[in-house]
Amino acid sequence: MTPTLQLFLIVSTALFSIGLLAALSRRHAIFILIGIELMLAAANLNFIAFWRFGPQPQPPTGVLVAIFSIAIAAAEAAVGLALVIAIYRHYRTTNVDQLDQLKG
Amino acid sequence: MNPWIVSNLWLVPAVPLAASLVILSLTNSRRNSAAVLATFGQIIALAVAIVAFLSTLQTPGFRAVHNFTWFTFGDQTLRIGWVLDPLAAAMMIMITLVGLCIFVFSVGYMAGDKNITRFFAYLSFFSGAMLGVVIANSLLLLFVSWELVGLASYLLIGFWIERPSAAAAAKKAFITTRIGDLGFFLGMLWLYHNSGSLLFYDQGRGCLEDAGLLAIGGSATFIALLIFCGAMGKSGQFPLHVWLPDAMEGPTPVSALIHAATMVAAGVFLVARVYPLFSLGAVNGVTPSLTVVVLVGVVTALMASLIALAQFDIKRILAYSTVSQLGLMMVSLGVGGVAAGIMHLIAHGFFKALLFLGAGSVIHGLHQEQDVRKMGGLRWIMPVTFLTYAIAMLNLSGVPFFFSGGWTKEEILHNTAQWPVSPLPDYLMLAGVILTALYMTRQMIYVFFGSKRPAVEAHESPRIMTMPLIVLASCSILFTLVLTPAWPWLHAYLNGESARVDFGSLIQPILFLSFALVAAGIGLGWFIYRNLGERDPLARAQPGLFRFLENKMWFDEIYEETVIVFCRILSRLADWLDRYFWDGLVRLFAGLGQAFGVLSKGLDDHGINAGVDETTSGTRGIGRLIAAAHSGQIQTYLGALAVGMLLLLVLYAWLS
Amino acid sequence: MAFLITTLIAVPIVGALMVGATRNYARGVALGFNLVTAVCTFLLWQSFDSTSPGLQLVERHSWIPAIGAEYLVGIDGLSLLLVILTSLVFPFALLAQRMDRGFCALMLIMQAALYGTFTAQNFVLWFLFYEMSLIPAFLLIKIWGGKKRDRAATKFFLYTFLGSVAMLLSFLGIYFTKGTFDFAGLADLAKTGDLLTGNFKWLAFAGIFLGLAVKVPLFPFHTWLPDAYETAPTGVSMVLTGALSKMGVYGFVRLLLPLFPSEVRTLGPWLLTLAVCSIVIAPLAAWAQSDLKRMVAYLSINHLGYCMLGLFAVTAATVRPSVEMQAALSGVFMQIFNHGITAAALFYFVGLLEQRRGLRGIDDFGGLMQRAPLFCGWMSVAMFSSLGLPGLNGFIGEFLIFKGSFAIAGSFTAFAVIGLLFTAIVFMRVMQTLFSGPLVRGGVTFTDLRPSEKWVVIPIALLMFAIGIAPQFLFNIFNSTVVEMARLLV
Amino acid sequence: MNTPAFILIAVITLAGALAAATLRKLIHAALSLVIAFVGVAASFFMLGAEFVGLVQVFVYVGAVAVLIVFTILLTRREVTGEPGINWGGAIVALAVFSGLLWAILKTSSLAIPAPQIEPLTVKQVGEALMTNYVWPLQCVGLVLTAALIGALLLVMEEKR
């Protein structure tokens, strides 16, 4: 017996929910970023799984989307972390609770 | 074809009603005009009633109706009307005649009251409504008048409004009778639904005529029983009898008119009026609904006469006696003696009004003293009152020969003996006869015999009060002329037959039996009560039983502890549910929305604050929720997003 | 007479502007404008042909063609009845207390909104007016209310507003599927059964039902009502119960029953249960209240419960003889009108009590009959009318509702009759405590009805008698509408 | 693809993710995140997308995780104790999870085994990138450049 598509989707759902959990319930900005990265990874897993289990042969669209997504996630992580550092310099905190103003 | 009187029968109730309205608009100072207007209205009503009565004599079983459209709803019409037949005519005469006597009596009795105009307005209003009940040819019109009668009763019981006990009694009367009226109302709806008409007689299409009864068919039993609920409430039948003794809080003329002679008899009248419903499908004169009527009547009659044995308030004794007599009438109707029941109703109307007025005279003479233990020896001081009271007492006890009550009661017993279902009601009614004689003898001895008890200045009442007594006493004796088996005119009149003179039928075995029983009752009473001590002889012999009866078999207490407490708990519960549960449920729904609000600590605090402040949480929680949703906090937005996604998922799943 | 309805709607708005501009005599000006609306209403009644069942005096103008919104107003019997009721209640509500110009202006705006609601025949227009009535009501409670007014106003607003949003969403859904907002057009679609399908139909039904049930209010969506009525100033309470609550019932008749007959039928027993709960539980809760205004508020729920019983019975059952449907519908319409004037009168009396003593707890009074017999007498008339005593107006409507629904939904009706008993108990308690017994301390200064108050009380009470004894003049207004509705609903 | 391997990978991934989401100390969380990412990469391998798996390892494990660690180090003067997790978030996450799970389990067409496929070579990927997906590729390049410059600008010391 080999794992079915369903199982992969379940794993990715779990991963997504854990990411959501981190993003919603932690107060530290970096944790939120971690959560978002986890959710992105879950999405990638979905892309790959659907590509793999889809009707064959087909162009490797799922794979390519995943690659793009990883690239953009990297960019997002870089900018996000830079923001964290900048904000930290300004407010001396990375706790998002205290960050609720649009102007400095 | 119909005589003039039929289409103008509305005058009978309308004149007292109009008098009442005019009196209401008078100021308190116009005391004499109020009394005159009311009495005058009553005289006109009596005159019209007599005209109506005379026109029913044309043919045996005369019945004429006048129907008209009350209103049109949709393309349907609702018709009401009035009927002139022997039943209505006899009742009208009785009500207007007794009413007139009581109006006159009231002029004397209420002379010192500062609200006498209001009193006469209410009394006239009652008279009009009651006459409306008897002439109604539509169950709806009957119900309307019935409720108005109840209103008048409510207003008059609570007439001395500054007395809390009077207000409480009035409330009790209104609510208790309304419980019965709910049944009446439902029965009326059911009847309307099945027969398509609420008119009693409508040229063959009415609900009491063949076509209507055919349409009602099998549900007649239920309809009849529901309508009987109304009769039970108004006529103080077990288990709704508790209001009637309390109703004695009203002025005595009110007790005489409403709670003895007329209104409480309306229940009996109602059963008689819709009798075809009760007897529909009768086998051998027995139907389930009639059996229920008999049972209720028997229980009521016996219970009330037992309680009457242990009461000390002169009016309460009479009140229980009324309850028991009404039970007797119900039994009569139930066993098939409609005419006998109505005859007893009319006779009872005369002598019971007389008893109450006599009691009123005694109370008046003793300066508002109502406790029989403080009376005594009044027979020489108040001779007119005593004599008329004695006549009424003999009527009530059922002494035949000269007293109408005796003949009618004898006829009821005769009918009961022939009931095919069980002989038990007959035996119980015979026992009831003894009990009636017993408690009336007891009362007579307490009030009029023996020595004069502690220092109450007593005097005979003025002429204006004794005259009605004499008139009523004569009525109750003269009435005998049309009742005896020798010339059973009234019986024949009510049944729509013609009467024959037959002196031979005067002698009947049951006549002697009942006479023997009455004599035994009076003798027993004399024997027991001839020497009154400090305590009641019965209380000395059977203290436990006496306490049981003196407390009215604890009906009030039982109701208080069960029904009323239950209702109160329900009401508290409803209020509590409203304040906390439903509101809480709403808040819970708000809270579900708040689930993502709990995401951030700030919102947590708001939630807790709202929870602490019980009074503001429900709404302000939502308000704060909305405010908090725009906190600028990224996690809140994210959470909202997630919840929204979830909702979309649910929606999608549900719609697909 | 072509612009009569528009005039009727416009007059109070103009009045509101004028009142806003006056410095003194705001109430006088407002009353003057009410006189104008009364004349308009009378003219409307005169030009209304009571024999024809359809819409009359229709005015139709293109408004926002892009979304199918038209300015479409017209009246049938029901609309006319409610317009008359509105014209009756508002002047009395204005007379109930002396208030500044802001209050009067808001009242007039609310009046215009009510006229609009009762005459609009296109959903967009109707909804506009429907919401337009909400804002003045909110402000009137919030600014001029008594204790706890903030909470009550917010609760009132959120409740009814959420209901409205649900209703709006449902209607947008219907519009996007069917492309029309016209009441008559939608009803025709519903008649042929192709209005909506599947679960979406239920969703739309739930939205509209929620919006209307909150407005009426129907148990268990009623919890905003006691708070709002309790704290609102007398005049506002009168209007809320006398006219505003009728918008919900009107909505049920106009929207829900024609558009979703099969849904109502499917849910019939449950809806009837809700109605019976309103009828039975509300007076029970009223019994437990000590605040008179709150008590009257609960009884209002009870009386509107009778309306709901009749309406649900009409649509719910499978076997529905036309006679009984007509009876129930006529009863509901009568009840709408009767409850409007009776409940308004009761609030007026409670307001007088409050003005005189500054208190309105039931135990704060006693023995009033000795000091103020006229007051007690006329107040009793209102109470007896409310408890359905024959001879007064309340009985006619209740009798017909019960007659109709008993034949269609017997067991529910039999249970609902208990409500009549509880109502009686509540009023008996009030009368016993307020009127009888010894005079309460401080009651000596209690004055009887003043002449100006008599001018309010006696006309209303006489109207109650008139309807109770000879109701035909009211039936004439809506008889043909009833016949038509009964025919359409079968 | 065999089941024991799948289970092992799934457990490692989820455990790492859970640890990353809930551990108190940031640095521990960052390391757990690396484990989770490695697990995800392993899944990619298992699914026959070796190239993506490699990219995942390089980019995430090699770059992002290192970035995070650096950031932590840069802002470590922050000493506020992180008070547990917020239950509201947990409830919502759980609700989302159960909702999605329900949707997945309900859709029976998902319970299919993997079909046999030709292995995906890097060459194929490269060809696709340079033909059909050349514009997206250029855009991503632009985005990456912009992100790089932007990040630099952001973290430059503010001029006083």
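The letters A, B, C and D name the chains in turn, as written, and every chain counts its residues from 1.
Note that a residue touches a chain if its C-beta (ideal position, glycine included) is under 8 Å from a C-beta of that chain, and two chains touch if they have at least 3 such contacts.
None of these values were measured; they are calculated from a predicted model.
Asks: Of the other chains, whose C-alpha centre is the longest way from the centre of chain C?
Replies: D
Asks: Give, as an integer number of Å, the spacing between the C-alpha centres of chain C and chain A.
Replies: Spacing between the chain centres: roughly 55 Å.
Asks: In angstrom, rounded to a whole number, how far apart do the mean CA points of chain B and chain C lie?
Replies: Here chain B and chain C have centroids separated by 36 Å.
Asks: State, to the nearest whole Å, the distance from the C-alpha centre of chain B to the C-alpha centre of chain D.
Replies: Averaging C-alpha atoms per chain gives centres 86 Å apart.
Asks: Need the CA-centroid distance for the pair chain A / chain D, whole Å please.
Replies: 6
Asks: Residues touching two or more other chains, restricted to chain A: which are they?
Replies: 20, 23-25, 27
Asks: Could you check chain D for residues that touch two or more other chains and list them?
Replies: 86-89, 92-93, 96, 100
Asks: Indicate the residues of chain C shared as contacts by at least two other chains.
Replies: In chain C, no residue touches at least two other chains, as defined above.
Asks: Chain adjacency by touch: line, ring, star, complete or other shape?
Replies: other
Asks: Taking the touch rule as given, give the residues of chain A at its contact with chain D in the complex, in rising order.
Replies: Residues 1-11, 13-28, 30-31, 33-35, 37-38, 41, 44-45, 48-49, 51-53, 55-57, 59-60, 62-64, 66-68, 70-79, 81-86, 88-89, 92-95.
Asks: Along chain D, where are the residues that touch chain A in the complex?
Replies: Interface residues on chain D, with respect to chain A: 1-3, 6, 10, 13-14, 17-18, 20-22, 26, 29-30, 33, 36-37, 40, 43-44, 47-49, 51-52, 55-56, 59-60, 63-64, 67-68, 70-72, 74-75, 77-78, 80, 82-83, 85-90, 92-94, 96-97, 100-101, 104-105, 110-118, 120, 124-125, 128-129, 132-133, 136-137, 140, 143-144, 146-148, 150-152, 154-155, 158.
Asks: Can you check the complex and tell me which residues of chain A touch chain B?
Replies: Against chain B, chain A makes touches at 20, 23-25, 27, 32, 96-97, 99-102.
Asks: If you look only at chain B, which of its residues touch chain D in the complex?
Replies: Touching chain D from chain B are residues 595-601, 604, 635, 639, 642-643, 645-646, 649-650, 653.
Asks: Tell me, which parts of chain B touch chain C in their complex?
Replies: Chain B residues touching chain C: 71-76, 118, 140, 143-145, 147-148, 151, 158, 161-164, 166-168, 170-171, 174-175, 178-179, 182, 185-186, 189-190, 192-193, 196, 567-568, 570-575, 577-578, 582-583, 585-586, 615-616, 618-620, 622-623, 654-655.
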